[in-house]
Amino acid sequence: MTSETVDRVLDTPVHRHRMPDRNFRLWLVFPAVLLLLLIGLFPLIYSLVISFQNLTMLDQDTSFHGLMNYAQLFRDRRLWEAILHTLLITAVALPLELVLGLVMAQLFLDHMPGRQLFIALIVLPTIISPIVAGATWRLMFDQRYGPVNQIISWLTGQQQVLLWTVNPKLVYPAILICEIWQWTPFMFLILLAALSHVDRSQLEAAELDGARFPRIFFKIVLPAIWPVMAIAILIRGVDLVRIFDVIWALTGGGPGTMTETISIYTYIQGFQQFESSYTAAIAFLIVALMSIVVTWAIRRMGLAR
Amino acid sequence: MNARRRLALPLRYAAAIAFTLFFIFPVYWLFIISFKTPAEIFSYPPVWYPKSIQFANYWVLFKDGDAFTVWNSLVLASISTLIAMVLGTMCAYSLVRFRTGGENLAVWIISQRLMPPIAIIFPIFLLYVWLGWVDTYHGLIILYTAFSLPYVIWMMRGYIEEVPIELEESALVDGCTRWEVLWKVVFPMVRAGLFATAVFTFVFAWNDFIFALVLTRTEVITYTVQVTHYFGGQSNFWAKIAAMSVLGTVPIFLAVATMQRFLVRGISMGAVKG
Amino acid sequence: MGLLAKWASMLAVTAFAMSAATGAHAESAAERAVKEAQKYKGQTITIVWEAGLQALDPLNYSGPKWEKLTGIKVKVVEVATAEMFTKIMQEYRAGTGAYDALNVIPSWMPDLAQAGALENLDPYVEKYGFNDELQKIAPTYRDNQMKVNDKIYGFPDDGDVFVFYYRKDIFEDPKTKEEFKAKFNRELAVPKTWAEFDEIGQFLTDKYQPSMYGAAFFRQAPYAQFMFQERFRNEGGKFFDADTMKATINSDIGVKVFTDMRNENKFMPPGVEQWGFTENLAAFLAGQTAMTISWPPYGRWAAGYGKDEEALNWVPKSTISGKVGYALPPGGHPELAAGFALSVASTSKNKDAAYLFIQWLNSEDTSLERVKLPTALRDPFRDSHFTDPGYLKLWPEAKEYLAALEEGSKTGLLDLSLLQTDKYEEVLRQAISKLWAGDDPKAILDEAASQWDAITEKIGVDKQKAVYANWAMKSGAYPK
């Protein structure tokens, strides 16, 4: 798709003022940028510096070691497997959360008795601390003490033995279920807000013209909510890459390192084994990779025009 | 159209209930753990409804002072959300309407969210030790605000882009200053977006664990850190974990339930089109 | 004898009598600590403690008591078990001086000492005369969990040892005994070997399931790796070849242990691979398993000790009090899994005050009271604890309980403790999770051994070899 056709599909170009007041627009940006610089700059420089050193648990060697840590990155099979696992989870969870969130938002868009209560209840999963959510699901998935296998046994009519956090075939489904359960409400609420902004009169006009729902949805609704939806996808995608608590609570990265993601690997290296320099190098690799992907995504989705 | 709508309602209702059940069931499970006896928590087959409802576990949290950590989380998350929403929306408006800093600034802002917390927590810890901000409220508030800004800015960009510029221009013509246009025209128009963004900005700060772990010791412990105290090598205070979690969800539940009307734009766009 | 000599001998006798008298009045280490601490009156010291149940000791008992005796305030910094090492290291590396006294798990001591985070306590022990009472700590803890490279870095403060718990009533049930004898041609008795254990476990499960299973363990990887360390050594395995420093966990013994562990799961409750400390506890206390292995608290809670304590209301009520027997695990050498030692942070600004506090905590007098607290997670670790009349009265079977603990403290095996121990343990944890996932034991252990070798290489073979040699020399490293 060329950028021209993209422009045509995205029916609502961004409006801008003609003659901006220079000070005004800078004052608007200034406080936020200042805060970001204050907190963001030092860690970045520090991490960069130590990534060229050799700080480990035993060695506080701050001499320059060149690209030693970065070279190790490429030899580290466990790291690349972790990246693969992370991509796998993101690639499955993100679309599911998006579609589910969209369906639910559409469902709750129009008035319905008790809607207020439903929405408030549905948002609850995201408020539970991810650590607690992971622990609760772990208990729920327990063969003996949890209701999940009990429910499945009822549905299938026979006693099931499913070791969700141990069986290699079940660990990913378990993680995905927990993750999607916790964050679909996020997509849901955001898309609900976006859908509620869609111009009613346009929708009604199209209906009067005889258009059916799918056509209305794809031609009018989707383009209208695209700015928000695209950002939600971006944000959610970036957060999925950092998934940690749920997996840590359910499987600890296991069996073996089968469900180890980037965050878990970095946590073990940085927090438990104090490989400070190597962890910094990993962090920069991740930032570099993600920057490329995010910049590509931003351009592709036309978000920064 | 109306007839079709009326038919669809029972179906929609059924679907709504099904979805809500799926999302609420684990929360319910956690909730009833706070009332179960230990034997009921670890009973085979699992107990779906506890024999008696006592509030002893909640009372203990208040008595021992653990509930105070919920208050800490509340303070930290609310204030940082408020500041981030204001500063972030202002910044987003500038980015959208005036293309301030162009694409580069926008991309730089979101890149602030890409750095894994694990990698930067130690330098931030060092910075805070030097500043004397470890284990303080303002320290964590500033941190959470800074980390929420990219999210707020980017989300509000999207919502602001949806606002037709004609509204703002007609207000300018009417004699409003630019600040007034921002506060009196734009902010109300993106109410729903503000609300949705604020909810999750709050949630991200509320759920933070790693920064709170490293940057607090005894004074400003947040509820997420406190909850991990209940997972021991040789102990597992499930009732407290559950009760704390319930206490933690109540504020946001009430907020979402009561402020939902912001989600739906009341009057339509008749003012401009009609 | 001349007059001078007579006077001299009278003087000598008098001197002797006087010293004997003052000897009888000799200050206990606790008293001395309190006395010396008076000069720090009004100060505050911080101590890092495991969060939750453990922390109730300094929060409700020892902290307030110390303040009353000395005027020194104790600020308890509770940290979740999983984060303790991280926080201690980070605060040290940042040089904050925020912590004065510490609780450390002994297997961390080489790393923390090497990094410089712990204060060497020898000068203080000398200065405040603690050596006598230190020697009275039960041998295995004293000789294994106190020093790194012959320097004192911590006082062992917790008698963590794996105890074998079993249902006496089942083992003494006439019908069960009869059937067992008929099948195996020997008496039903506490298993001395793992082979016996497997037979008994299978037999009991066959007979009683599903209301009760022969046994269950906490099979979750972090716990199971302790059990592997124990069992592997009981069966004769060695972790490393002392000369080449190559890992030997993938020997035939290792493979056998892994295979046996997995086979045992078959007669345990379904899903046991996911069980942690509390799941296992709940099953045992509900009478659903006949045998298990765990730390000393199981024994106290099974007997119902402390059941009315609010802080223990998360422990399921015991349905088996009076029916529990205590023994050494099969093999006879239990793991001294984890444990705790009291240390002083090297960056503390109140080292003497902090030291005096831990001396007082660890002293004969105070530690006895502390291990008897109903909510205590600190287990008896001094010789005097095992024979204390007050303890013996706590519940009817306390005598057998303490006897088992004492026996364990004599024959116990130390956790592997090298430089970067966590890296090696991490490999074991992953190996166990792969075991439950169904992989081939030999393949898993071969992989684990090669990972261990890689870690040793990275740290420096000679460096690690020296630390390992030092560890292997300790009495609790391998069964004698």
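Think of it as A, B and C in the order they're written, each chain with its own count starting at 1.
Following the convention adopted for this analysis, contacts are C-beta pairs under 8 Å (C-beta built on N, C-alpha and C of every residue); 3 or more make two chains touch, one makes a residue touch a chain.
Computed from a prediction, not measured in an experiment: that's the story for all the values here.
Two chain pairs are in question, A-C and A-B; the one with more C-beta pairs in contact is A-B. Using CA-based centroids throughout, the chain positioned farthest away from chain B is C.
The distance from the centre of chain B to the centre of chain C, with each centre set as the mean of the Cα atoms, comes to 42 Å. Rounded to whole angstrom, the centroid-to-centroid distance between chain A and chain C, based on C-alpha atoms, equals 42 Å. Here the spacing of chain A and chain B, counted between their Cα centres, is 15 Å.
Multi-chain contact residues of chain B, defined as those touching 2 or more other chains: 41-44, 122, 126, 228, 231, 238. In chain A, the residues touching two or more other chains are 144-145, 271. Contacts with at least two other chains are made by residues 279, 282-283 of chain C. For chain A in complex with chain B, the touching residues are 12, 14-17, 20-21, 24-26, 28-29, 31-33, 35-36, 38-40, 42-44, 46-47, 104, 107-108, 110, 112, 115-133, 135-137, 139-140, 144-147, 150, 181, 184-186, 189-190, 192-194, 196-197, 199-201, 207, 224, 227-228, 230-232, 234-235, 238, 242, 245, 262-263, 266-267, 270-271, 276, 279-280, 282-283, 286-287, 290-291, 294-295, 298, 303-305. Listed in rising order, the residues of chain B touching chain C in the complex are 37-39, 41-44, 60, 122, 125-126, 129, 134, 213-214, 217-218, 225, 228-240. Every residue of chain C that touches chain A in the complex is listed here, in rising order: 85-86, 89, 111, 114-115, 221-222, 269-271, 273-274, 279, 282-283, 419-420, 422-423, 426, 429-431, 433-434, 436-439, 459.
Interface residues of chain C, counted against chain B in their complex, comprise 50-54, 75-83, 87, 90, 93-96, 98, 276-279, 282-283, 286, 288, 295, 297, 310, 313-317, 338, 377. The touching residues of chain A, counted against chain C in their complex, run 57-58, 138, 141-145, 161, 163, 165-168, 251-258, 268, 271-274.
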